[in-house]
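Take a look at the structures listed below.
There are two complexes below, and they share chain A, which is joined by chain B in the first and by chain C in the second.
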Partner chain A sequence: MEANSANVELQSKTVTKTPSGFSVVWREIVRDKLALLSLIFLVGISAFVYGTAIVLDQEEIVKVDLFAIYEAPGEEYILGTDYGGRDIFGQLIIGTRNSLSIAILVTVMTGFIGVVFGLVAGFFGGHIDNIMMRVLDFFNVLPFMMIVIVFVAIVPKYSVWTFSLIMTAFLWMGIARLIRSRALQEKELDYIHAAKTLGTSNIKIIFKHVLPNISSLVIVTMTLNLAANIGLESGLSFLGFGFPESTPSLGTLLSYATNPQTLEYRWWIWVPASVMILLLMLAVNNVGTALRRATDARQRRG
Partner chain B sequence: MWKFSLRRILIMIPQLFVLSVLLFVLAKMMPGDALSGMIDPNVDPERIEELRNQLGFYDPWHVQYASWVGDLLKGDLGTSFRFKMPVTELMGQRIVNSFWLSLATLILTYLIAIPLGITSGRFNDTLRDQLITGYSYVGFATPLFIFALVMLWLFGFHLQWFPTSGSVAPGSVPGTFEYVMSKLYHLLLPALSMALISTYSTIQYLRNEIVDTKQKDFILMARSKGASESRVYNRHIFRNSLLPIAAFFGYEITLLIGGSIFIENIFGYPGMGQLLLESISQRDYSVVVGTTLLFGIASILGALLSDIILSIIDPRIRIK
Partner chain C sequence: MAEKLLEIKNLKTSFRIKDDYFAAVDDVSLTVNKNEVLAIVGESGCGKSALAFSIMGLHTRAKMEGNISFKGENIVGISPSKLNKLRGKNMGMIFQDPLTALNPLMEIGDQIGEALLLHNKELSKTQRKEKVIKLLNKVGIPRPEYVYEQFPHELSGGMRQRVVIATAIANEPELLIADEPTTALDVTIQSQILDLIKDLKEDMDSGIVLITHDLGVVAEMADRVAVMYAGQIVEIADVTTLFEEPLHPYTRSLFNSVPNAKEAQDRLHVIQGIVPSLQNLPRIGCRFAPRMPWIDGEAHEEHPEMHEVKPGHYVRCSCYKHFHFPEESKEEEHHGVS
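The block that comes next holds the complex of A and B.
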C-alpha cells in the first residue's frame, strides 16, 4: 500500500532514481524526531499492553476487594486502588488495550464505509452523487455526542459490538467527504478514460484503479481519525456511555474523577489514565502528520 | 445572496423532517409511554388499556407520527415524569444557562485565537509563531474533558479561585447586581476551559490566510503608497483574512454543542447537556427526546448560519 503513497509526487519528479514509497515514508518519519519517538512509543505501548493483557486476568482485576478501598500507590499496588479496591495499574493496562482496540475497530469500520461511499459518490457523480451527498449532509449536521448517548442508552442487549456500531454509524462522514472530492478529481484523469475505453467495468475501475491511487489519502486520514476516535471513546466512557464498567477503558478510570474527593485527593486514579490518553492521541497525531507530509512532496522535510 | 439563502433554507426542511422521524423512532424504542409514569397499581388494567386507546397508542405509526409532530409544532413536548412539569418549561430554564455559557465560550475563543493567529501569521516561522502553533496543536490533541478536569482541579479545588459547581451562588436574588456578577463568576472557568483548547482551527486558518495574503500584490501596493505597517496589517491583511473565521463560525457552534455536554457535566453547570445526561440516567424519556431534538435543531441552524455567512463574504459559492 505504501508503494502507492508517493505515486503522485513520483510522476512529477525527474530524479534519476525515484525513492520507493515506503522509503519516503520512513525517511520522513526518521527526519521528524518527534514522529519517530511517537512511533516507537506506540509500538512499545501496544506490545506491552497486548502482551501483558494475555497474562493478566481481567476478571481478577475488576473483582471488588473491600479491604483495599482507595489505597494509595505503594508496594502492593503500584498505582493504588479505586473505590472498589481494584488495582489501578491493572485497569490502566486493560483500559489502554480496550480503548485502543475499539478505536482501531471503529477507525477501520468508518474507513471502510467512508471509502466505499466516497468512491461511489465521487466516481459516478451526477444524480447519484447528489442524493448521496444529501444523505451525508444529514448525518453531518446531527450532534454526534447527543445522538450516540441516546442510542447507547436505549439499545437493548448493549455490548462492545453495538457500541462500536453506534459510533461507526455517526462517524463515517468525514472520510467519505474527503474520498469523494479526491475521486471526483481522479475520474477525470487519462488513465481512467483509458480503462473505460478498454471496457473495464465500473466496479473494477473503482477498486482496482482509483482506490490504489488514493490509498495514501485513506491511510493518512485513517491515522488521524484513530487519534480522534481514542478521544471520542474515552469521552463517551467518561460520561458513562461507553464500555460497561466490568470492561474498564481509559475513560472509565477518568470518570471516577467526577467525584470531587477523588479529583482533589486521589490523583493516582485519574492522572495516569489522563496522561495515557494524552500521550496516545499526541503520538498517533504526530505519526499521522508525518505520514501526511510524506504523501505531499511540497511539505516534505527530507 | 437571497436566492442562495432561500435554497439553503429549503434544504433544511428535509433535514428537519428526517431528524424528527429519527427522534420519533427513538422515542418509540424507549421503554414506557406517557402513562407508565402515572400508573397506579390500583387502577384497573382495562382502564389503562382504554386510556391508551384514547391517546392513540394503537394507531398506525403514521397517524402517531403526525400527531406527535403536531404536538411538537404547538410546542408540546410532553411532561417530565421526574419533575412533573412540561418539558418545554423545564428546558426553558436550562437553555438560558446553556446560551450564556456558549456565548461566553465563543467570545473567549475569539479573544484568544484572533490575536494569536494574527501574531502567528505576521511573524511566521519565528519563535513566537512556533510557540503559538505548538500551543494550538496541543490544544487540538487534548480531549476537552481531560483539560476541563485539570482546570477544575487546579483553579477550582487547588487554588480555589473559582466555584466548582452550579451556575449561580445559592441565595442570590435574580435581578440584582450581585446575581449577575455571580453568574459571570460561575461561567468563567467552564467557558475558559473550553475556549482555551478550541482555538486550534481559528488560529491555524487565520495564520495560513495571513501568510498567503501577505504576498499578494495589493499589499505591495498598500506598502508602496506609504501605508504604515500597522495600517497594512489591520486594514488590509486582517480584513481579507477574515473569511476562514467566518466560515468556521457555524462549525464552532456545532463543536460547542458537543463540548457543552462534557463541560456541564464536569463543572456541574445546570444547562441542556446536564439535563440530557440526568434524564437519561433517570429514564425520563420525554425530556431526553426534547433535549435531543433541540440539540439537533441547533446543529442544523449552525450549519445553515455558516453557509449563509460564507455566501455573503465569498460570492463564488453562490453561483453553484
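The block that comes next holds the complex of A and C.
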C-alpha cells in the first residue's frame, strides 16, 4: 500500500507541467530587457504620481503667484514656473496622474464595452450580429473630433470622468470588431459544441468558455490601446480643447509650446511633459509587444 | 418490443450558402431503441456529423424541417432553455477529436463537474468531486485524484477521449451520440474506447448512435446499421442482414472497397468518385445517379423512396432489382477501414 502511494507521488512529480499562462508572460518580459525596464519604469512612475498626488495640494499648485512668473528651474522650483507663477514640477505630477487616469479609464471602459459587444455579436451571429454591426458602423461614421470639440465647448466644467466617458463613446468599436471576429471563430470549435451538449446556457458559454479562451487577445489589445490613449488627452489639449487650467494635465503643459517665446526660451515648461508622454507611451507599448509575443507561440523568444 | 427512444421522421437540415439552401441531411428517418447501438456509416462528407448536430440541436444557422422526437416529444425548434434541460441530462454526445472537444483552460474536474453542476444541483461540492472521481475511475483513468486537477494538454489523446466520455455520461443519459469516437486515436486505444462504450450501453441501458466510417467497428458494435450517402439514408437493416444481403449498390460498394475484397473488385462494377459537395449534388433525381454511369437512364428513379423489403430492412430505390452483379461472390470477412 505504502509503496503504491509512493509510486503515485513519484509519477505525479515526473509529469512535467507545461508553463501556465502567467509564467510564460513573466518569462517573456524578463527575457526582453527593454520590456522589463519599461515595466519597472511604469510601476515606479505610477507609484510616484499617485503617491505624491495624495500629499500634494492641487489648490496650492494651481494658485497664481504673480511674483514668480516664468521662473527658470532653480532651488525653489525644481522645474521652474509658468506664466501664472505656478510650479511646473507639481503640475507635471498631477498632469501625469490625470493623463494616466484618463488613459486607464478609457481603456477599461472601451475594453469592457468592446469585449461584451464583440462577444455577443460574434457568438450569436445571424440577425443579432447584423444589427449590432450596423450600430457599430453608425458610431464609426460619426465625426468623432467634431463632436468631442462641441461637447467640450458646451460642457462648462468637465473632469477626468466626463472626459473619459466622451472618449469611450467613440473608441470602443475597434476592440469590439476584433473580439467579434475571434468569437466567430471560437464558437465553431468543438469544445463550445461540447459545452452546449451538456446543457450549458449561451450566456454561461460566452463568459465561462469563450472569454477565458480569448483573454490573451483582450489583454494584449487593451495594453496596446492604453499606450495610444495616453496621448489622447494631450492631443486634444494641444488643439486647445483640453482641461481648464484648474486641472493641470500633460496636454496643458504641452500646449504652452504654442507660444513661440515659450517654445524657444522656456523649455522647462513643455519639455518635461513631452518627454513624459513619450516615455509613457513607449513603455506601455514595449510591455504590450512583449505580452503579444508571450501569447503567440510563434513569436516567443524562449 | 423494444422501447423507442429517438424517432426521426423526414429530417431535412439545410445550410445557407450564398442565398440558397443546400440540404446536408435530406429526408432522414430512423429510430433508436433503448439498449441498442445504431451505427451510421458513410464516407466522409456525407452528412453524418450534420445529422448528429441536428439531433443535439447544435446547428445555429441551419434550416431544419421534419421531426425529431425524443421519448415521444418533438425537439426540433424548441426553445434553448427546454433543450438545455435535455442536453447533458437525457442525451450526451462524444466528439471525434478529443484534442478540441475539451476547453483548454479548464481543469478536467471542472469540465466533468459542469454537467453535474447544471443538472444535479442538490449535490454539494464535495459530493460532486466524489462523483467526478468515480466517473474518472469508470472510464478507466488511472490516478483520478491527480488527473482531476490537470489541464487537457497534460493528457494523451486516449485519456482525453476518456474524459470526453466521462463528461458525456456524467448524468447517465438515455441517448448517447458518438461521432467517430475513435477515428482520431491509435488502433490499440480504439478498441479500449469501443469496449468502454459497449460497457456503458449495458450499464445504463442507453440507446447509442455510433457514427463511423469503419466497417470493422460496425461489425463489432452495432445492432442495426444505417448507410448514409450524400445526406440520405440509402439502406437500413440489422447488422447481420446488412452484412449478408446488402441490397443497395452503394452499400455493396462500401463492402467492396474493404481492402481484402480486392480481387472481387475486378469482377464487379466499382463505384468511382467521391461524395460531391453540397452545391454540386444533383438537385433533381437520385443523388447517387452520377456515380452509377453504367445503369440505363430509364432505370433510375426520379425521387427514390425507402422501400421495406423485409421487416426492418429498408432500401432507398427499387432499382436494386435491375442492378445485377455478375455473380454473387461470397462476401468475405468484413473488417478494416473503408
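Here are some notes:
Criterion: the second predicted complex is superposed on the first by the 278 of 302 C-alpha atoms of A that agree within 3 Å, B and C clash if a C-alpha of one lies under 4 Å from a C-alpha of the other, contacts with A are read in each partner's own complex, and residues count from 1 in each chain.
FYI, a residue touches a chain if its C-beta (ideal position, glycine included) is under 8 Å from a C-beta of that chain, and two chains touch if they have at least 3 such contacts.
These numbers were taken from a predicted model, which means no experiment stands behind them.
Superposition of the two structures on chain A leaves chain B and chain C fitting side by side, clash-free. By the touch criterion defined above, A:143 reaches chain B but does not reach chain C. More residues of chain A are touched by B (comparison of chain B with chain C). By the document's definition of touching, neither partner reaches A:31: not chain B, not chain C. Looking at the shared chain after the overlay, A:260 reaches chain B, while chain C stays out of its contact range. No C-alpha atom of chain B lies closer than 8 Å to any C-alpha atom of chain C in the overlay. Chain A meets chain C in the complex at residues 8, 11-12, 15, 17-18, 124-126, 189-191, 193-202, 209, 212-213.
Against chain A, the residues of chain C that register as touching in their complex are 53, 56-58, 60-61, 80-81, 83-89, 91-93, 95-97, 100-106, 114-115, 118-119, 143, 146, 153-154, 164, 167-168. Partner chain B is touched in their complex by these residues of chain A: 134, 137-138, 140-147, 149-151, 153-154, 227, 231, 234-235, 238-240, 254, 257-258, 260, 263-264, 270, 274, 277-278, 281-282, 285.
In the complex of the two chains, the chain B residues touching chain A come out as 11, 14-15, 18-19, 26, 29-31, 138, 140-146, 149-150, 152-153, 157-158, 164, 254, 257-258, 261-262, 265-266, 276-277, 280-281, 288, 291-292, 295-296, 298-300, 302-303.
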